[in-house]
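Okay, so chain A shows up in both of these, paired with chain B first and chain C after.
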Partner chain A sequence: MTFYPAAAPPDGDRRTAKQKIAAYLEPWLYSAPVLILIVAIMLVPLALGISYAFRDIRLLNPFSGAFVGLKHFRELAGDGAFRGALVNTLWWTFSSVILQFLFGLILALLLNRPFRGRALAQALCFLPWAVPSFLSGLDWAWMFNPVVGPIPHWLYALGILSEPSNILSDPETAMWGPIVANVWWGIPFFAITMLAALQAIPKDLYEAAEIDGAGPIERFRSITVPFLAPTMAISILLRTVWIANFADLIIVMTNGGPADRTQIVASYIFTQAFRRLDFGYASAIALVLLVLLLAYSMLIVVLRQTMLTRH
Partner chain B sequence: MASITIQSITKTFGTVPVLHDIDLSIADGEFVVLVGPSGCGKSTLLRMIAGLEDITGGEIRIDGRRINEVAPKDRDIAMVFQSYALYPHMTVADNMSYSLKLRKTARERIAEAVGAAAGKLGLDPLLERRPKALSGGQRQRVAMGRAIVRHPKAFLFDEPLSNLDARLREQMRAEIKRLHKAIGATSVYVTHDQIEAMTLADRIVAMHGGIIQQVGNPLDLYDRPANLFVAGFIGSPAMNFVDGHCRSGAIETDDGSRIAVPGGIDLAEGQAVTVGIRPEHVRIVAGSGAGSYTARVDLVEPTGFGTIVHVRLLGQDLKIYTLERGAAEVGEPLHIALDGDRLHVFDRETTNRIG
Partner chain C sequence: MTRKRIVLTVLHRLAILAYVAFALFPLFWLLKVSVTPTSLLYTEGIRLWPSRASLEHYAFVLTHSSFPTFFLNSTIVSASTAVIVTIVAALAGYAMSRFVFRGKYWIVGLLLLTQMFPLVMLIAPMFKMLSPLGLTNSLTGLVIVYVAFNVPFATFLMQSFFDGIPKDLEDAAMIDGATRFTAFRQIILPLTLPGIAATLGFVFTAAWSELLFALMLISGNQATTFPVGLLSFVSKFSVDFGQMMAAGVLALIPACLFFLLIQRYLVQGLTAGAVKG
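Let's look at the complex of A and B:
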């Protein structure tokens, strides 16, 4: 068998300069197509978007486009609507994620035990995921409308509403409309991921625990939760970032109103960009949102890492 | 410690019957091994004793108390699983003390019990580790430790050694036997490995197709297998079977050879029988003589201690187990004799032992 020396033979490098350059470039040439793609479709638009935040870009003003420095950010600091949107975003994101997660987990636990017609039930439960978000937003808007939808009448019958009115037009309750629609729409995501994790738990652990004397709650606490924890953490993280960015339902159902009470940062960006056509200002807001979400992700990653090393 | 009585137990999964009318009494302190090929229903029976499967029909009693409806945790049994089923998020010590904690045992008592069990099994240096950081053999020990800390009435083992390599399996087998001698608790042990069954059991229960084939001490099953299934299952290398008919006072095999009917056996003229010959009971003799056979050697398999010789005889591939090295050469003729007293004769119709 012949032995081929590695790139740098021990007895000194006898290759010409040209060969050295070629050897150095080789891996870069192989990965060039992917690198070019990444730069072209991810980094360039990102950089362009970021650059808008520092420029005056208004679609209807042909003389705009000039570099304005931190003007947008100074404006943003004094923008009450933006601050309101930040608070609404927190409210919208965390109540949606927590409710989606809880209901998704319960659904997964129910679907994880065998019963007749389980396959059909599973398919049905995952159906909302397949409904386009705009369509489900419209559906829910109709359902909350007392003229065509049943929900106000039910709430009235239950004594929760004093009259069958549209909760979407009441500033106090409007946010619950998109949240309910979002929960309904997002439960399948958690149900699917939790169900997959549940099915990976060995059944004999539960049997061993049963013999050891653990009741259902104790078994859930000492076996199910530790097994699900990593999946829970990562799916909640992903969903949080995603929902914070998710304005479809709000745009369709309330369009940020009434009185900006359902305006979240993402829908505010949309409003600035496509209603006021102020792309510069919208980009500045988007940049702030990006930084906030990055900080949040970093926090979670660090938290996860410390949790992992502690174990 | 306890006796276990199993009465007319049946089990069906949906409409599929898995166990048929099982009757078995296990005495206090006895080590009983359920053995049989995979799928014969051993685990199902064990899990019914544990309370992990519903009982379709019949009754199980522990110490005389009917336990059909009793929850697993109240049966006071401990089980060792094939996969060990250790809680991966708990340390070895926590795994072992879990059941005691759930039973609200005092902290000092728990520490004492875990310490004693760890000492018995050599787990002391591992107590703070998680199962992930243990080898297969160590996990096996922890699973045993988890079972013994509680001093249950009975131990149930479901193929506890099947995931270990051969050497470790042998070692743990001896350790389980020693542990049983020391603790003396009633044990029911499921395995598909007949060597494990033979070495461990006070009494073996051989099962096949959801039916108990024979119950007896290991040497009984070896010396007097009740039917063709037990004869073929117990013993390694496996018993040779030769089909034949009773013709004028001898058994005539299908290729025309004749085997003398062993003493104490009555056969009807023309009765279809199967003769069972253990490979270790075939003698190699120096020359041809009365009652000896001559055959050509087909294959020689040395196992180190002994040698398995395959010859073409009595219409089939007959295995011979001999301790003499070099007794046979491939292609050479070999003279052999059968030990009349050690032949087993089975009715071919019922597959049951005759005599």
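Let's look at the complex of A and C:
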């Protein structure tokens, strides 16, 4: 407890047992609703989901429900679509994160210097973040559609496409559709966090460096980068996990197609649960994804620890 | 100004303009197609603005489709979620901000954990749990699910707002004989009103955008939310581009309104929900 009633005399704690219990319980009473919600609506289903991974649960089959051990995992090992989804997840996650981060950082640097109309420019640049993800997906799917969207015609005019076709229906290029939508939608996130970090750098550091004769590149390298590094590292790591789990854009834009070329693990789980209603198999895939993400997070924590001890 | 300065300034403004254009163009295109009469849509190709604009698609969507119902459903779900989450998160956020107690780090760890695991993992078990309770195909079921999903990040957000308010205020009130809860309600909460508004905005936007759980849990027209309605409209009538985009613009309106409301708090919100987006 940080707070004791100021009225308590200095010669000892004279509160009654009842008051002590009440003081002990107080923080728990405030947190109780949140804890109950999380345990009942997130942890219980999580535990159930893990158990489903070892059971035969199909919604349309009332006789399913039996324990099947590792059957789903053996199936997974031979499931080509799943292996493809793993590769696609890496591709989707890392290209999205890298592009979001680079463009977000550049935007933050641009917005960090004062100019007339900065508040307006900032609000407009951050607006995509407020667009619901399903709508970003649909909007970009329409932009890529040669019937109503301009992009195929532009790409054709530039000579990149041999005819104004939909890149979402070409297995070779389809993944770029959701990635572009994701980058458009996610730039504001990085720009906002980076801008906050940039504004926390003391201005006199730059002035001192300028007096010492450091050029703009030198100043960026020796002041901006070291100050931003912790924010960059944390936001990139957290974002990576988040994007690996983010299936909305893919479900909306391509539904995993064509020929599973845009299927990521998260959208594959959704497809198994929602279209095939095979809850057991879906949960087995989800368990694998959970383990992979945990392994990734652990790896990052360990890396960070070794980096910290080295310095 | 030297020549180099001028060149740099011009480049800077051009880069900003390019970003603004990139951010706005897809939204502009949505608006443009939504006001293009169907007869002009195919003949005028990719002109930036139709030779004749009309609101016929909006009129159709508002009077001849179920979108008004979907819109109402989504509003009910998102508003109830936002109100419940904000109340519950204000209480927990206050505890996180003001008390030092054993178990606090476990609670923080638990809240962080919920942000790390794949939510799609919960789709199947959630359906199995809610279905015998009669909570599938119901707005109440959706509200329960959305409240749980948004509570962790809202708690961190509210905590950051309480952290900004000096402790002496409620200490003084408690010396004067008020209970802590009274002090919380009558002194601290009114001071946190901007933070409460921001939390309402963040949660409303998140609930308004949710698609996958709504798809899984809702199957009748009665309880369909806007995202599900729009998506099934797209797969059924995939040639009525004008109507689809008019509906899309409608979905954008509340999101933009709340964006204006929470714009100032984006940094705080995104750091609290760094994992959430």
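The definition used in the following text is that the second predicted complex is superposed on the first by the 270 of 311 C-alpha atoms of A that agree within 3 Å, B and C clash if a C-alpha of one lies under 4 Å from a C-alpha of the other, contacts with A are read in each partner's own complex, and residues count from 1 in each chain.
Simple rule for what comes next: a contact is a pair of C-beta atoms (placed from the backbone, for glycine too) under 8 Å apart; a residue touches a chain by one contact, two chains touch by 3 or more.
Owing to the predicted nature of the structure, the values given are computational and were not obtained by experimental measurement.
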Based on the superposed arrangement around chain A, label chain B with chain C as either clash or fit. fit
Please determine whether it is chain B or chain C that touches the greater number of chain A residues. C
Please indicate which partner A:I300 is in contact with in the superposed arrangement: first for chain B, second for chain C, both, or neither. neither
Between chain B (first) and chain C (second), which, if any, makes contact with A:G213: first, second, both or neither? first
Have a look at where A:I223 lands relative to chain B and chain C in the superposition and call it first, second, both or neither. first
By the touch definition at the top of the document, which applies to A:D204: first (chain B), second (chain C), both, or neither? first
Under the stated touch criterion, which partner chain does A:M232 make contact with: chain B (first), chain C (second), both, or neither? neither
Using the superposition on chain A described above, determine whether A:L76 touches chain B (first), chain C (second), both, or neither. neither
Touching A:S283, do we find chain B (first), chain C (second), both, or neither? second
Smallest distance from any CA atom of chain C to any CA atom of chain B, in Å, after fitting: 8
Considering only the defined contacts, which chain B positions touch chain A in the complex? 50-52, 71-73, 77-79, 81, 83, 85, 87-90, 98-99, 102-103, 146
Name, in rising order, each residue of chain C that touches chain A in their complex. 12-13, 15-16, 19-20, 22-24, 26-27, 29-30, 33, 41-42, 45-46, 88-89, 91-92, 94-96, 98-101, 103-104, 107, 110-111, 114, 116-129, 144-145, 147-149, 151-152, 155, 171, 174-175, 180, 205, 208-209, 211-212, 215-216, 227, 230-231, 234, 241, 244-245, 248, 251-252, 255-256, 258-259, 263, 266-267, 270-271, 274-277
Residue ranges of chain A touching chain B (in the complex, touch as defined): 202, 204-205, 207-214, 218, 222-223, 226-227, 311
Spell out the part of chain A that touches chain C in their complex, as residue ranges. 1-3, 5-7, 24, 26-28, 30-31, 33-35, 37-38, 40-42, 44-46, 48-49, 52, 57, 59, 106-107, 110-111, 113, 115, 121, 123-136, 138-140, 142-143, 147-150, 153, 184, 186-189, 192-193, 195-196, 234-235, 238-239, 241-242, 244-248, 251-252, 266, 269-270, 273-274, 279, 282-283, 286-287, 289-290, 293, 297
